[in-house]
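As written, the chain order gives the labels A, B, C, D and E, with residue 1 at the start of each chain.
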Amino acid sequence: MVKISDVRQEAKRLLEKGKVRGVVGYVPGTRGGWAIPYLIQEAERAEQLVWDPTCVHNLALFVVEEKKEQAKQKEPDKRPLAVMVKGCDSRAINVLLQEKFINREEVVLLGVSCENSGVVDRRKITHLLHGQQAGEIRFGDNGNIVVVVNSERRIFDPQEVLADRCLECQYNFPVVFDYFYGEKIKKTPPAPYAQVEKLESFSLEKRRQFWEEEMARCLRCYACRSVCPMCYCAECVVDPISFAVEPTTTAEEKAKKIKWIEKSPLLSENFVYHLVRAIHLAGRCVDCGECERVCPEGISIRLLNKKLEREALRLFNYVAGTDSQAPSLLSTFQETDPEDFIW
Amino acid sequence: MNKDHEPRIVAFLCKWCSSAGSDMAGVSRLEYPPNVIPITVMCSGSVSPIYILSAFNLGADGVLVSGCHPGDCHYIKGNMYARRRMALLKELLPYLGLEPERFQMSWVSAAEGVKFTQIIKDFVAQLKPLGPQTYLRRSL
Amino acid sequence: MRKKIGVFVCHCGINIAGTVDVKTVAKELSQYPGIEYAVDYVYMCSDPGQNMIIEKIMEKKLDGVVVACCSPNLHESTFRRAAQSAGLNPFECEIANIREQCSWVHKDKEKATEKAIKITEGVVEKIRWNERLQPIKVPVTKRALIIGGGIAGIQTALDLANSDIEVVLVEKNPSIGGHMIQLSETFPTLDCSQCILTPKMVEVSKHPKVKLYTYSEVQEVSGYVGNFQAKILQKPRYVDPDKCTLCDECSQVCPVVVPNEFDLGLTGRKAVYIPFPQAIPATYTLDIEACPGVLPIACGKCWDVCEPKAINFDMQPEVIEEKVGAVVVATGYDLYDKKNMAEYGYGKYPDVLDGLQFERLLSASGPTRGKILRPSDHMEPKEIVFIQCAGSRDPELHNKYCSRICCMYTAKHAKLYKHHVHDGQAYVFYIDIRAGGKGYEEFVNRSMEEEGVLYLRGKVSKVFEENGKLVVWGVDTLAGQDIEIRADMVVLAMAIRPSSGAEKLAKLLKVAQDSDGFFAEAHPKLRPVESLTAGVFLAGVAQAPKDIPDTVSQAGGAAIKVVSILSQPELLHSPLVARVNKSLCTGCGMCVEVCPFSAISLHEDKAEVNEVLCEGCGTCAATCLRAAIEVKNLTHLQIYDMLGVYLGGLR
Amino acid sequence: MKDNPYLPQLARIVTIKEEVGGSRPIKSFRMQLLNGHRFDFKCGQCAMISVLGKGESMISISSSPLERDYLQFSVLKMGRVTSALHEMEQGSIVGLRGPYGNGFPLEQWTGKNLIFIGGGIGLAPIWSVLQTALRQQNDYGQLSLFYGARTSSDLVFKDELRKLKDTLPVYLSIDVEEPGWTEFVGFVPQNVADKKPSPDNAIAITCGPPIMIKFVIKTIQELGFQDNQIYTTVENKMKCGIGKCGRCNIGPHYICKDGPVYSWAKLKTLPQEY
Amino acid sequence: MEKILKKSDLGKWVGKLSAFDCYAPTKENDHWEFNQVTYLDSLPEDYTQVNVPLKKVVLPNREVLFNFEDNRNGGPHIQEVLPEEKEVVVFGVRGCDARGVALLSKIFSESSPDIYFERRKNQLYVVGLSCYPLPGDNCFCLSVGGGPFSTQGMDILLSDIGRKYFVEVLTPKGEKLVELGWEFFAEPNDQDRQDRLRREKKAQEMFNLEIHEAEKKAGVLHHLFEDKIWKTESFRCLKCGICTYLCPTCHCFDIADELASPVPLQGKRVRVWDTCQFPDFTMHSSGHNPRPDKSSRLRQRIMHKFLYFVETYGEIMCTGCGRCVSKCPVGIDIVNILNRVESHEG
């Protein structure tokens, strides 16, 4: 079991010694027992850190955000940032390292194990509790999840409450870290691509129908993109506006910015947006599931990324975020890559 | 479905092999349907997936990407990267319900005028029964 | 201001006009936004046609010209020249191919016309964004670096030096000469290898245009075609070549004996030695690895006896920097490590030799003064077995490729054996005989027919010693029977491997290797002596196994390629190269990884293109997730706008 | 049917004048509505110019409302719309809607000395006031103009400025020394500090890059100008022009309708978000 | 006017409204949305609120303003496109969403009326459903001038009082609807009135979230422009559009030209939702951005709702629906923030 007191102590020590400029971790949120991401900068606050199955957020995102923030500063604080990372967060960190967005020295990774379990899906819990508020949610034994409702302890089987991504996860403890808390019990999900395969088994017509229904709902609030640690580009290719304006950027350059898709949430544009995003995440998405979690319309974005994750594995034997030194999926090739689809 | 639909095809042809191969088809006075408009690029490796998605978005019924045979790439290995990228796209598009026939990749060398002709014929033939592509097409 | 574009539609006689209604094309285009002028004409490429373009450019002050005609491969340069003569940047002229890709392949006139209009409109959209580019000029250092002093390197050096180009020749061994100097007589003519090579070695060493660095290695190469900087590490020899008189006193007194590399361990040499008598440079070398120490106290006998005081224990490794415009890799080969062939008893039995060792036995200057004697007991072998393809053509266990020269030299070996041992019996195990070369087939046939060498088609499964004989077990697949030969000597035609260190060199030169480790040529057919990196060329076995005649031809080819670069006052490089939009680039390095020409590097977390190395393939552009890099004049926007016209404009 | 505030009227570009070349070009466009109607506006107001297919941009009207023949806009090439505008030719058709904004309270300024202080393209909104005041010179006291740009070629309305010198004091400046330049070298606020215009019965009207405005205000305050003697215009990103799209606000104010003209007395009470 | 409608008669009444497009909350996957229905036998009893609020009916995510084209001979041409003339009845609207539309009217119908909004609003009939017994976990309408039985912005309010609805007909539009099915409506008796009142009272007691003295926040916020709370709270903000896209009162939009064809030019000018939470929202072409960071954008959201709007219209621009609290992926909580700024006063 992760002893949160150990994490707190280390966080406190790092802050006291001034070794890090902050600790990104989870603290209790305002509404019920749901954790929120937080940047701790005062040592005393380290006591607030928590680690429980409501720590759903991929904190690698804040490494990205903080990096950009520091870049804007006149006198950037060069000290590293400490971050709590679970399995998927750490893989995201690996991709960031692989893509040289960050250097290893810029982060101190406080690795926490998902304890042979994972994080919960809020929708599932809400559903199971029939509208009652969960007071507290903890890791139980054998991967079970303990939910305290009105001071009554209820124990749930992981299958019932864990986020889908955790049920399909094979990296339930960090792959890169400086400190490690908890146990390394490797999970082997019985069917990591069950949902993808189910969709594949549908007829073309049915798949089309499925996706049309999904995509039609997209509001283009861009929460999926905003939450993704891999979507760190200064300016997304599908943005119609020039974000990355520098003093040297000419009017011509701004005028030439291509509108690959229109801003309107039309079905076709939503499709192209999500397709571009899926392709851009091929070999980079670490299946933290955040995009799907945050979508206010409950669109199955993960199913898209998961498909390409599976193809990367099946066709190219590539798994994202496991090796920060290897070339990226699409910046390398093998002589033996499949080509039976080519005429 | 409109079986008489004349599919609109965009073909990204690499300059050194496939575009030259299509020239060869011309020089040999081979005939193929006029449904295809070629865009000559330097290398199949320069064809970004977003070109293909965009072509569908702008109303293409089919998209062809054609490059040099493995080992013949003028730029050594551009076609190898293309092969990887396109393999993923080829998987992804039908997964979303776009007919797999709508996107095709081929290897055509500068000498293969006949092959190029055949590919276009086959491509058009396989697109015709599908009718117009409206799935990703922008309709304002 | 918006560009004023002119469109010139060619009839090409009836070649285009027969299928495409060129008048309609010109008319439609004349109404297309931004078109200043559009016209059709019977032969645009003719003088009057070109003159018309020139006149109209000047008259209408056009800043873009689209010629709708045949394939750009045919007349792009013609029309660009014409445009240029009218004061237009050549990149403001583009071709719309409405012949090969339209009129010649379609019959339906209406549809062909429609397609021709689209094609032309697309090119109009493209040219709107074309930039006026100037060729990139690259200054050239008129010197060449040749790495490897075998016959390949020597020949290239001589060809270049004789073309008045300065050459820096780097050889890692104490002497140049490579493997050829180890050979006895060479097929197919059986002339003495040393006799033909030594004069060349001398010539190269004396040539005023050649700077020779032996006992040296290339440590670092930076820059690009026309402008490489090489760092060469010269190892200390501890003997001053200028003072050394080759008196051999030092070697006489040296107490240390180590195996002699030149004789492949068949003899020994001292710690201070000369690799072979005709070595170039003609000097002794002190092998510091073998010498008990540079400290005179440790031994110092050689120093004591050296009259001209050529021995100098204080010599230090030296790094020399050379600027060159081109590089030739001629690093040759090593034999496949015989330890890999345990089944043939190599290493265990002294009388199992490899081909080069046998060459040394055959050589008049070799350890046995040209007599064929068994290393174990100095007896003349009466039964000798040659095994071809040892380690070649065996994709499962060894190398998948054919080493190409073994058939020939085995035939030579068997023949020479017979010349030496008239009553001996030679057997050759082979898979098949590959003797493609002028006079080669005849050479092998002679050895079979005239010399009575027994060729057995099949593989040898095992070689072992029994009662002082080497028992060879094999199969004769033609006769379909197992064979056992009790031989006195076994010679293995070991596979040819890229020389050790090839990988390191490839990395440092940023040139590719093929899957077998040989240096990869740019194109297997059309660019066999060029590497994938501009300005780096290949000669000899470094590129692939080959014999001396092929090596020498390739060396000559490499030399002329170098000359063709270095003879220019400056290199002109196409300006259609990649450009980075720094505000979008995140420095992920994916473009760096994919660029086939290593033209991109990261500086301060941003990609930077070396325009001289970039060939404009655009692989980077498709790889970059952020559209932060693209090739000039074929940008994403140009493609997008072309797509827009092809697909959007519903008429 | 009610007016549709989003529907532009079509207008023809009647003349185009290149004011500034180089990498930050400025052109002045004179336009007439196609339907022959007049476009009634006040000095300091702006209009949304549409280049169909590219979008809209809010541009100050730089001609005087008294000018009945045309509307003038002076536009710096900045991005998508303004680049497209710069590509247009005489006779091209654009869309116009507006006018938007509050405009300068000229009616309150009768009898006062008006000091115009502009920088770069910031002269455009002021120009309308200046032209109007010139035409009704009897209504006002002394007029004077301070104007500066980075280099002499970045100055707009060069010809007009030359003529203007005969009528009123014109103090030009450029940021760095240039051969042949005989007037002030330095930033606009420095020029103002150098010439020391009197605050007595005066109104200072300033527009230019935000940083310039900041220092101009500081400078003239030091010269004794009161907050309500200082007027400026602010520029925030705009889309609708009618206070609905939500982006141009400074606190509760929507610049497109409550601005863009502010007295410093008012502006300083608002959040500093512009 | 007060009426009684038996639940079993609802469907019959709706059947009479065939001239209208009828919308009602329907369940999609996990959440509720207003969707067009062809019949409506009952209103769901197990829903708190729809995901995308009623504003989407008056201010759709995409509104075509006009078509334009530039064909070769005729020159540019503009063709106004107004919303389809179609009257819409939305059933089951909660008080917060109805109030949302009412607040939007202040912006869109007052100075320079927005013809698109106006037309859609005029064609909209709001049949509300009071919130009993289920205020959501994050509801706080009571704090901001609304309530579970709020009628603002509604034409009719239905309140569940067991087997029948207590019907409050609030506007002539409401009367028109009732008129069309007058036979199904009865007069309420005292018991009905009491039932309704009792339930309203009970519903009010069930709220567990409130903003203390929300009306006084404007005064507090006035001094908090430079407060550090914006920075600490916005650290985790994703700068996505959820809080505002789903807010019944947020109305920001972008205007863009969309091309059907580049040559000949053909396209539409549209307006689409936009939000102050997007970094490009206020970014000038030059790259200068008056609200350059997440903290200034979070501040804008809170300030707009609880200060600026109050200054202009005297009302809070929040209806307490709680969507921004429950939908925020990182738990940014407007109630918590506002309750905390209280303590900053001293």
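What we mean here is this: a residue touches a chain if its C-beta (ideal position, glycine included) is under 8 Å from a C-beta of that chain, and two chains touch if they have at least 3 such contacts.
Quick caveat: nothing in here was measured; it's all calculated off a predicted structure.
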*Partner chains shared by chain A and chain B (touch criterion as defined above)*: C, E
*asked:* If I average the CA coordinates per chain, which chain comes out farthest from chain B?
replied: D
*Hey, which pair has more contacts between C-betas, B-C or A-C?*
B-C
_With centres defined as the mean C-alpha position, give me the chain D-chain E separation in Å._
39
*Approximately how many whole Å separate the CA-defined centres of chain C and chain D?*
67
*asked:* Can you work out the whole-Å distance between the CA centroids of chain A and chain E?
replied: 31
*Go ahead and note the Å separation of the Cα centroids belonging to chain C and chain E.*
71
*Send over the residues of chain A in touch with two or more other chains.*
237, 242, 245-246, 249, 251, 254, 260, 262, 266, 330-331, 335
_Residues of chain D that contact two or more other chains, please._
78-79, 82
_I need the residues of chain C touching at least two other chains; which ones are they?_
594, 623, 627, 636, 640, 644, 648
*Which of the residues in chain E come into contact with chain C in the complex?*
72, 259-264
*Of all residues in chain D, which touch chain A in the complex?*
23-24, 77-80, 82-84
*asked:* For the complex, give me every residue of chain D touching chain E.
replied: 2-8, 10, 50, 52-56, 78-79, 82, 93, 95, 210, 235-237, 239-240, 242-252, 257, 271, 273-274
*In their complex, what parts of chain C are in touch with chain E?*
31-33, 121, 641, 644-645, 648-650
*Sort out for me which residues of chain B touch chain E in the complex.*
138, 140
